[in-house]
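Next up: the structures, one after another.
You will see two complexes here that share chain A, one where it goes with chain B and one where it goes with chain C.
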Partner chain A sequence: MKPFFAQIERDLLIAWQNRQDLGVMLVFFVIIIALFPLAIGANATVLDPLGVPVIWIAALLAILAGFDRLFAQDVRDGWLDQIALSQLGLGWYALAKAVSHWLTAGLPLLIMTPLMAMMLNIPLQQWPPLLVALLIGSMGLTLLGVIGAALAEGARRGTALMALLILPLAVPLLIFGTLASQSDRGIISPHLMLLGAVFALLLALAPLVAASALEIGETETGL
Partner chain B sequence: MTINNHTKTTRKTAPSTADNLLHINQLSVLRGMVLVIRNLSHQQNAGDICCLTGPNGAGKSTLLRTIAGRLPAAAGDISCAVPIIYVGHTDGLSGAISGRKNLAGWAKINGFSTTETAIDTALSSFATKRFADLPVRVLSRGQRRRLAIARLALAPADSLWLLDEPNAGLDQASSRILDDIVQKHATAGGMVLAATHLDFAAAAKPRSLHLPGLVT
Partner chain C sequence: MFDYFANPSRFMRIANRLLIPLVILSVITGIIGLYLGLFVAPADYQQGDTVRIIYIHVPSAWLALFGYVGLGLCGLFYVVWRHPLADIAARAIAPVGAVFALLTLVTGALWGKPMWGAWWVWDARLTSMLILFFFYLGFIALANGFDRAERGSRPAALLALVGMINVPIVKFSVDWWNTLHQPASLLRSGGPAIDSSMLTPLVLTLIAAHTYFAILVILRMRALLTERRLATLTLRPGGD
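Right, the complex of A and B next:
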């Protein structure tokens, strides 16, 4: 496991050096949430049920927006060549990337969420299901983003292609996530279990898909 | 530990033929629709230094990347009995963190020694200690190259070094140090295959492997 944690440590060190990116992402999250009530108007009966969905859409956009260049820097630096020859291998590398990206994007978002929930006047008893669902949902979205970033890296078409590929795949996470967040049957609802199932599927598949995409991208377009 | 390491070329852990540690047999490599390397055979043994020469586009980088397992072989096979260390056009260093942290991270993902002394020895092998604690992005091309090559000192003594234009960006004094490093590695029983010009490590009388390029 040592090489795996070494990769996470390296990514976190690099993320710390580029920590202004984290600020940009958080501000993006807050701005999307703040824009919704402005567009919909000051009508409490319309706005109240929209709180949870708005947080989910903002989280989805904020998490996926940070993904376009996830592997690009490592490819340009030649780090990917070193990874491919190392004990780590591309699959574990992709998983390590997902973990470090979640720690630097998903986790701060989750910490911001109570503040946003307060801003949107979401009742206190809704917070635990919202936070638990968002915890699993953000990890699932991160894994999806890793797949998208790896595919975009191979295709060399960047962000636009990634959004087209990944946003439709995020639909199950969004549906089960919003339902689980609004459940009135406590934290462990059937929707949360389905959300967990989608996450488990992504956890198993994402590293394999990302590794193949990175490998193929190299053969088709490399030096 | 490896989930998915599809190396298309067969890289056996034990050499099939007598004692050639690196054995390339009838290798052909396609890039796009072009057959860049055709029926290439090459053997190398402990202590061998080999210069890979040829015009631009002859497939020098392609050959090195194929041996490193980064490109699939269209035909033929490659077997290498020792660890492979690859230094490509790019240095494999992140600009955001220091040279020292880059080297330590590289040693860790490869499972090499990461003690303070091992890193220090590696850094001083190419006189990089003076700038090892600066973020790599402020370093010059040559300084980054020196860090990338200093990294080699962390690898096991018997490893095969694949060097792609190792002198690129190096001044004359640094090139001479590079020659020394390469010769020491060969004396210690390591192998070097370098895409470079012929006066590379001249004192060790390297062998040469010439790629003629596309014959039309």
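Right, the complex of A and C next:
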């Protein structure tokens, strides 16, 4: 486990060195949310039911936008080759990437969410289900993003391609997430459980797929 | 059997031999099926003549799903056994499947306008077909997204595998979300819920569409194999 945490620590350190990027991501999240009222109009009867969906769409876009070239630097400077040779292995490496990415993108977004919920006039008793669903949903989206980034690594137009791959597959997370957030039966709703099930599946799937995709990428760079 | 078909020229010999019978079958069933469907079969007592679009709509929808399953199987064969033809087959299937998904959406819209009063409604089946169409586009973009064509094979195969697992979940989640479309009436327990005067042309057009799909895939595979052979032949030693 030690190399696993070392990998997370390294990525967190790099993220801290580029902490301006974190700010950019958060501002992106806030701006998407601010754009909705501007497009829809300030009418509260129209706007109020849209609060939760707007937060979800903004979170989805902000998290996936952060995956721009997740593995690119590691491929270029040879870090990925070292990982493939090391005892860590590519699967654990992909999982470590997911953890550190969630800590630097998902978590700040989650902390920011109550403020956004306030701006969107979401009633206070809706906050706990929203935050819990968003917690699980953001982790699931992060794992999907790792899959997408690994598949699109080395492709032309990687970012747009990744969005095209991932957004259709993000539909279950979005549907169950928004339904769970608007649950009036407390935090633990059936939708939250389904959201958790999708997350658990992605947790098992993402490291395998990412490792398999990076393996070929890693051998190809040597050619 | 996998090994037997691993030789592309042997596979193409067999496929070429199948081609003519497939074309004959497809043309005959297509003509009879469409004739029965468009002229002989009775109009629906509620939907009138618009119901005849079913003879295009349903086969397209089946083929869109058929192609998706095919992509998943090809992905499996490519990732697990590195079968050289699986990649070619997947690349051949993807655009065909995408076109059938699009055709399903277009004929569905044409059908929906007189029946539901709207070209498009955000119903579960429509939405999952739209997502399936996007999935096809993603597959095509990924398979061709790399500078060296072969480099895209493995990521695309992995994507097909992920889609194999994830698309049913998408379907389930969308069903949960909203359903307006009529439920399945052909493959269901208790036999088909369609009268034989409508079922016969439907089955015929289904056969025609499936053989047509097979013909297109064989032709595309042949073209892709030739293209790849040409690329190998024209490759100068030391160049690229």
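Rule of thumb we're sticking to: the second predicted complex is superposed on the first by the 214 of 223 C-alpha atoms of A that agree within 3 Å, B and C clash if a C-alpha of one lies under 4 Å from a C-alpha of the other, contacts with A are read in each partner's own complex, and residues count from 1 in each chain.
Heads up, the rule we're going with is that contacts are C-beta pairs under 8 Å (C-beta built on N, C-alpha and C of every residue); 3 or more make two chains touch, one makes a residue touch a chain.
This one's a predicted model, so the numbers in the text were calculated from it and none came from an experiment.
Once the two complexes are laid over each other on the shared chain, residue contacts for A:P3 go to chain B alone; chain C is not touched. When both complexes are overlaid on chain A, the residue A:S212 reaches chain B and chain C alike. By the touch criterion defined above, A:R76 lies against chain B but remains apart from chain C after alignment on the C-alpha atoms of chain A. Put simply, more of the residues of chain A are touched by B, taking chain B and chain C as the two choices.
Of the two partner chains placed by the overlay, only chain B lies in contact with A:S86; chain C stays clear of it.
Of the two partner chains placed by superposition, A:L203 touches none, neither chain B nor chain C.
Contact with neither chain B nor chain C is seen for A:A34 once the two complexes are overlaid on the shared chain. Using the contact criterion defined above for the overlaid structures, shared-chain residue A:I175 touches chain C, although it does not reach chain B. In the superposition on chain A, A:N18 makes contact with chain B only, not with chain C.
Contacts of chain A with chain B, set against its contacts with chain C after fitting on chain A, overlap at residues 212.
Within the complex formed with chain C, the chain A residues making contact are 147, 150-152, 154-158, 161, 164-165, 167-169, 171-172, 175-176, 179, 194, 198, 201, 205, 209, 212-213, 216, 220. Of all the residues in chain B, the ones that touch chain A in their complex are 1-6, 61-62, 65, 68-72, 84-86, 88-97, 101, 105-106, 108-111, 135.
Interface residues of chain A facing chain B in the complex, by the touch rule stated above, are 1-4, 6-7, 9-10, 13-14, 17-18, 73-74, 76-79, 81-92, 95, 207-208, 211-212, 215, 218-219, 222-223. Taken in their complex, chain C has these residues touching chain A: 79, 131, 134-135, 137-138, 141-142, 145-147, 151-152, 154-155, 158-159, 161-163, 165-167, 169-170, 172-174, 176-177.
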